[in-house]
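Heads up, the next two complexes both have chain A, just with different partners, chain B and then chain C.
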Partner chain A sequence: MGLDRRGFITFLVGGAVGTLCTPIPWKTLDDVSIWSQNWPWIPKLQYGKRSQVASVCKLCPAGCGLSIHKVGKRPVVAQGNSTHPLSEGGVCPLGSCSVRLLYRPARVKGPLKNNNGKFEPISWDEARRILSEKLSSGKAACISGDENGSASEVLAGFLSLLGSEDFYFMPSDAQVSAYTWSQMGGKGQIGFDLENSDYVLSLGADILSSWGTVVRNQKAFATRKGKYIYAGPVQTGTAAAVDEWVPVYPGQEGVLALGIAYYLLKMGKGATIDGFSEVKNFVLSKYTPAVVEAKTGVKINKIKQLAQELVAAGSPCVIIGSDFGQGSGSFDWTSGILLNLLLGNVNKRGGMVLLPEVKVVESAPSRASLSKNVLGEFLKNVVSGNKKIDVLMVYDANPIYALPQALQVQEAFSKIPFKVGFSTFLDETAVMCDLILPAPHFLERYDDAYTPFGSGKVIYSVAAPVIKPVVNAKSTPDFILEVAKSLKKDLGYKSFEDVLKAKASAVGADFEDLLSGRTKVSNKWVGQNQLRLSVEILANGLVPDTEGTFLAPVARNYLGNTTQALTPTEVVVVRDSELKGRDLYVQVNRTTAKKLGLKQGDKVKLQGAGREFVGRVNITETVMDDTIAVPLGFGHEAWDEYVRGKGDNVFKVLSVVTEKGSGFQVWNKSQVKVVRA
Partner chain B sequence: MEHKEFKVKWGMVIDIDKCTGCGACMVACQAENNIAPMQDGSDKTMTLTWMLVYELSNGKPFPDHEIAYLPRPCMQCGKPSCSTVCPVVATTKDEEGGIVSQIYPRCIGCRYCMAACPYHARYFNWYDPKWPKGLDKTLNISASPRPRGVVEKCTFCHHRFMEAKEKARYEGKDPLKLPEDAYIPACAEICPTGAIVFGDLNNPEHKVAKLAKSKYAFRLLERLGTDPQVYYYSKREWVRRLADNYLSTEKTKGE
Partner chain C sequence: MAKGKSCLVLPFLFGLVGALIVGWWLFPELLYSKKTQPIRFSHKVHVEDQGMSCDECHSYREDGSFAGIPTTEQCAECHSEVQGDDPAEKKFVEEYVEKGKEVPWLIYQKQPDNVFFSHIAHKGIKCTTCHPDVGHMDTPPVYYEDRISGYSKQTMKMWQCERCHARRGASNACYVCHK
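So, the complex of A and B:
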């Protein structure tokens, strides 16, 4: 039987219809879409057993407890440790990035030696030999960005065994407050018992965005017993959520504090401090409401209202701080402390509390005495030749990027013949060093945090490594202990782990307990002797402002911070009103823009401290009059493609003033000239 | 399309008055759901942000100006606009719990769903994800990495729901009666102020069920009829007023 035309067509149509009745075309279509999404460059998931381990975040000084989710041996996600008093399950965006930072492209992969501008890999043994040799013959100094870890204690202790007192913390409110408090004759670390306060007035400190124990501040705010008031120049995240925002010119929060103190004194409030009557007369005569209104921009009625509300509150708490966490002076802190003293809430539930210090490295100076060392002063002396330093060690800090007067910092660096950077990432400071000795990421090392600044309780937390170092990194304090041994200097400990064990027993905690994520918490406050206060410091608020527009730098954790540049994961969190491509926006309100003749999107230069900052104008009503707000964290020249070349660095145009009476360098009251670019 | 009712309806109540706009939810979401980092985050038409924090303004000049932040996940609409337009059934609302699914291997990248979604909650992979060397080792086992040409969106961390159900079954408990916090998405877990509350809207024992009934609770574009499972909460009238298109003569919900 032959196949005729009709039969052939019947076969074809029948076949086609028949195929449709089978799953073949549908399965094929489905497979095609799967195959077309299965490319070798799309990573495959590596399955494994899920688990959670505890850690402590060291990306900022807030010391949040983390719960690291692991798959097999790999950490994958960082969430908050719900039993940790400083995080209670919450984490800030920076902490949330911590796992991914293990593989940040900018990580230093191993020890490097600078050979005439070219970095060459060396071994750790060689690194130790080089550093020991340099230290045995020269004078050493150290800059640390680790405010509350024992690593700084090891470094400071090592330095003093070498006969050097040149240990400096990166400038912060923690340092200025400690210095101010000890000058007043106070003892202990200043803390704020927000959890038990029924009226929190934050003068400048951006407590819910970036300041102090930021996650714990937010937790305390969420369960607040009363009002939260924020006084600052910009409507930050804090201003968005609190009960009231009081706009005040940048860096004038101390003046506002004295304006409130004026009313408290008028109401008959007092404090038992040496020189009180002098202080009282000074405040009543110099910080009259009219003067304070002119300086701060806060209306007289509002100042009076704040004073009345503070007095009416059962347990008021006044927090003071720089709008961006650094650059404040003794004046700001003295004024804030005075306000707390007048309110009688020092060492009281819900007020300003004083927390004890713990030290286990015998040769290390106390925190209070270290806070007297002013980094800016040191760098100035190095530049002028008053101080000769042969070896500078920089740990967990990026002074080349994150200090005002960058040119002076660079000059000081160039005058120091040998610099060592203990940096996890290739930052602006590391690339200027002669040796880069990578510190492990905090998830790869033992580390601790003792009572982070701002905390209202003594809190000690310790973390063990979650993963082996993914690069050739070595714990800095362990390396320092090795170097000390080779120099025949005895710090009293064999390993950094032993230091942490000693600290655990010094605070009365079980080391294994701490490693499992439990923390040592204590409500012990330090009793005070007679305090004193001089009016010389208080006069600093009366210095007339210079010409120009007020500059309000804004710190937000999703923009990174002074040690960690904007992280790859945070790039998409940055708003399009903050960064457009490579142009950073500066924020001004309509009135200020009109006054300065600026329009939306205009390219402008901010001139200050002899340098220029370039940005574009974004008009927003979140900034007060005559003020220009600029986010911190941009203008990086090192790091990686996620941050390099984006925007400009506002530190360039911050002007530094030396404060009378304390000698502190202050840069929270900068003013700039705005010109169209 | 037929509208399904579920015994369990997972939902959120986001307290805008508590949100500080810190962005922790956004970052936690990126890590949990394996979203690759991008070099340029400014062009928001190209970024992938299943959770996105918007800045709200009351529109008044300084000093009367106020701001608020609004975190926006997928609304998991009761009557989703996206699933009805999908030509390949890549997005459906058919599972107990009421989460709108997104089935990547089925997606053909036509982006009808993106056009249909009134909340801009859906994102398109314009490029293949780029994982810097080693970063793929931090991939969570929760979500397969998506290639170029696929639409994706927030799934209320659906994998966590699956795990919670599995755990309940293993412990001999009813997987449809999960207790509060047995299942919670990454954003809600991490939120430092606890602004994001998550739970079963149909379970009176869960906090969300009560919060969603508050007079200050509202949903975005409520009168569009999408019936979102994400509620917001604010005592500020101007915030609630921004959530819908009100006529000038109309009163804001909750007033």
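So, the complex of A and C:
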């Protein structure tokens, strides 16, 4: 008997009925639904023992203590270390991203050699051989962005042994203040004892958002004993939170300081400094209230009121700083320091204090002498041919992105035949180097922070690695010690850990204690000899303004900083009024917009320093008249897809002027021409 | 008519029986791949010969979470070097302890990440209620991996959790297991 059509269909029906009575349809359906929830790109939880270890944040110079939560061997979350005096349990937006930055796509995965524009992986041994060879026959220089770590000391000490004095810090208020103070005959590092002050006047320094020891400043503000006043051009985080915001044109805070000094002098206040009578006469004759009002935009009555309030306070403190943490000059700092001297609060509780320096690498110059090395001047000399450098090492810094006059910086780079980037991330500077030698993320290395700038106390913190490097990175100071050894230069230490142990010992701390998250804190202040002050510096505030609208760059931690681009985690917190699509917004108030003929959303070009910046207009009353505010941190050309090509870089249009009397390059008073794009 | 009827019954039965055989015998054979553990770990050696108790390796942490399978570092407290002549131990020391790697153990009862299972909340229930009774085995049991879902054949399904909860009067609210 054959199987006819009907029989075959019946067979199929039987098969179908039978199949329904088996696990095939039901199990397959269930399994497919589970399979559809387990795509390979969905991250899987990794279980392990939960623990917390101490670390020190090195993403900015604030030196906050962190408490890193770990699961098994992996760090997962960064919180503020509640026992650390600079964080007291707090953490800034940048620090809170630190763990996830371990896996940022822009991380340099291993040592790279530039072979005619193409980066090729090499071994660390080869990297050491190449660098040793270059250094043995050429003149070296170094740029460092680590202003309070011992790694810079190792690099500076190594350069000295090579016979070079060309060690430069990236420009910062820390550097300008140190230089200014030493020019005045002062000793020690300037600090501000906010915790004990009953009246804090911040001239420009955005202390609660981006300046100095930010988290510690916020903690001091939270437990304030008196008034906080902020003077600056933009309603920053500080301006919005403090008791009063006094709008001042960008970079004119030094003039305001002298305007207040005028009233203090009129009240009979004085200071024991050489040349005081000359200074007094100069301020009283040149910085009259009317002049100061015209330069700063602050009404005469307000200047007088600030002076009266400062005098009435028991322990006033005047903080000086650039609105965006850099570009200030000796004039700004001299004016602010003079104000503190007139108030008699130098080395007084709640005032401006002077903190001692510690150095353990014998061959390294002191910080005070390093602060005299001006990076902009160095680059200018390289371009002009006055300075010939064969090897440039760049550590933890991104000068190609974060310096004004980018063309000059690029030209200087192109004139240096061999450049080495010790960078954790593939930033704009790293991609211009001949060797990229990845520095470990701070959670992967030993590192330290000695008395971060702005702190009112000596504070020394050390951190051990929290995780093994997730890429083929090597501690830069350890690598430098290896190179030094191969060149038969003795820095006196076998490893960077030994350097840190020596520093711990020098400050009188137990190394193991420091690693466990405890800090060495000291209230020791440095006594001063006779100070001096010349009117030549003070005259810089009288230089007439150029044409154009005042430009006020704004630094915000959540947008990154000069070494760390906007983090992938923080992309979502960028406001629509800051960046929309790829267009960056510049902020002007209604009066300025009307004067310039601008409307909300207009595309504009800011022209300055021979270059252009493109953005869209956002009208907001958080900016003072005749001023255009622009956030820093955009316009990256390297890094990764999270930042590349988003917005424009305001550093391009900052105009640099050389300050008379100090030779410092200053760019906190830039003006731009605004035209429709 | 009768002849035609008998012709339809047989193909139906063939189809039915064939499908039942395929579904209940061939399908499971095809669905699950058989895997062995990366290291032939002998519970017997540890428990019977060395007299170790279960919680020396499978313990609760201070915070109440369950440590599960010990890490290589914990195993290396005893096995930092090869102690015996078992090739499995030699392999473990050379490939995992010396290289600082974790052993990719196959977990018979692995639950997805969206299931929050607390061991300490189930402390009163015998381990072998859910887990294979491996305590006295010299060779770990074969691991059957579902080729479609990727999970172990023994992984407990939600209905099993719910049934046990219902029988014991425990809540079956979603958030009890899905946070």
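Here, the second predicted complex is superposed on the first by the 637 of 677 C-alpha atoms of A that agree within 3 Å, B and C clash if a C-alpha of one lies under 4 Å from a C-alpha of the other, contacts with A are read in each partner's own complex, and residues count from 1 in each chain.
One rule holds for everything that comes next: contacts are C-beta pairs under 8 Å (C-beta built on N, C-alpha and C of every residue); 3 or more make two chains touch, one makes a residue touch a chain.
Because the structure is predicted, anything quoted here is derived from the model rather than measured.
Asker: Name the contact category of A:Val99: first (chain B only), second (chain C only), both, or neither.
Answerer: It touches chain B, and chain C stays clear.
Asker: I'd like to know which partner A:Thr22 touches here: chain B for first, chain C for second, both or neither.
Answerer: A:Thr22 contacts chain C only, not chain B.
Asker: Which partner chains sit in contact with A:Leu3 here, chain B, chain C, both or neither? Use first/second/both/neither.
Answerer: So A:Leu3 only meets chain C here.
Asker: Which partner reaches more residues of chain A, chain B or chain C?
Answerer: B
Asker: Taking the superposition as given, does A:Tyr47 touch the first partner, chain B, the second, chain C, both, or neither?
Answerer: Both partners.
Asker: With both complexes overlaid on chain A, does A:Gly237 touch chain B (first), chain C (second), both or neither?
Answerer: The answer is first: A:Gly237 touches chain B but not chain C.
Asker: May I ask you to decide whether A:Leu12 touches chain B, chain C, both, or neither, giving the answer as first, second, both or neither?
Answerer: Second partner only.
Asker: Which partner does A:Ser662 contact after superposing on A: first (chain B), second (chain C), both, neither?
Answerer: A:Ser662: touches no partner chain.
Asker: Quick check for you: in the superposed arrangement, does A:Val215 touch first (chain B), second (chain C), both or neither?
Answerer: In the superposition, A:Val215 touches chain B alone.
Asker: Who does A:Pro568 touch here: chain B (first), chain C (second), both, or neither?
Answerer: After superposing on A, A:Pro568 lies in contact with chain B but is clear of chain C.
Asker: Take the contacts of chain A with chain B and those with chain C, and give the residues found in both.
Answerer: 30, 34, 37-38, 45, 47-48, 50
Asker: Would you mind writing out the residues of chain A in touch with chain C in their complex?
Answerer: Per the stated touch rule, the residues are 1, 3-4, 6-8, 10-19, 21-24, 27-28, 30-32, 34-35, 37-38, 44-45, 47-50, 72.
Asker: Spell out the residues on chain A that touch chain B in their complex, using ranges where they run on.
Answerer: Contacts found on chain A: 30, 33-34, 37-39, 41-43, 45-48, 50, 69, 71, 74-80, 87, 89-93, 95-97, 99-100, 102-105, 208-209, 214-215, 218-219, 221-222, 235, 237-241, 247, 470, 556-558, 568-577, 579-581, 589-591, 620-625, 640-642.
Asker: Could you pull out which chain B residues touch chain A in their complex?
Answerer: By the definition above, chain B touches chain A via 17-24, 26-28, 30-32, 37-44, 47-49, 53, 55, 57, 60-63, 65-69, 88, 104-108, 128-129, 131-141, 144-147, 149-150, 186, 189-195.
Asker: Looking at the complex, which residues from chain C come into contact with chain A?
Answerer: 7-8, 10-20, 22-24, 27-28, 31, 61, 63, 65, 67-68, 71, 112-113, 146, 148-151
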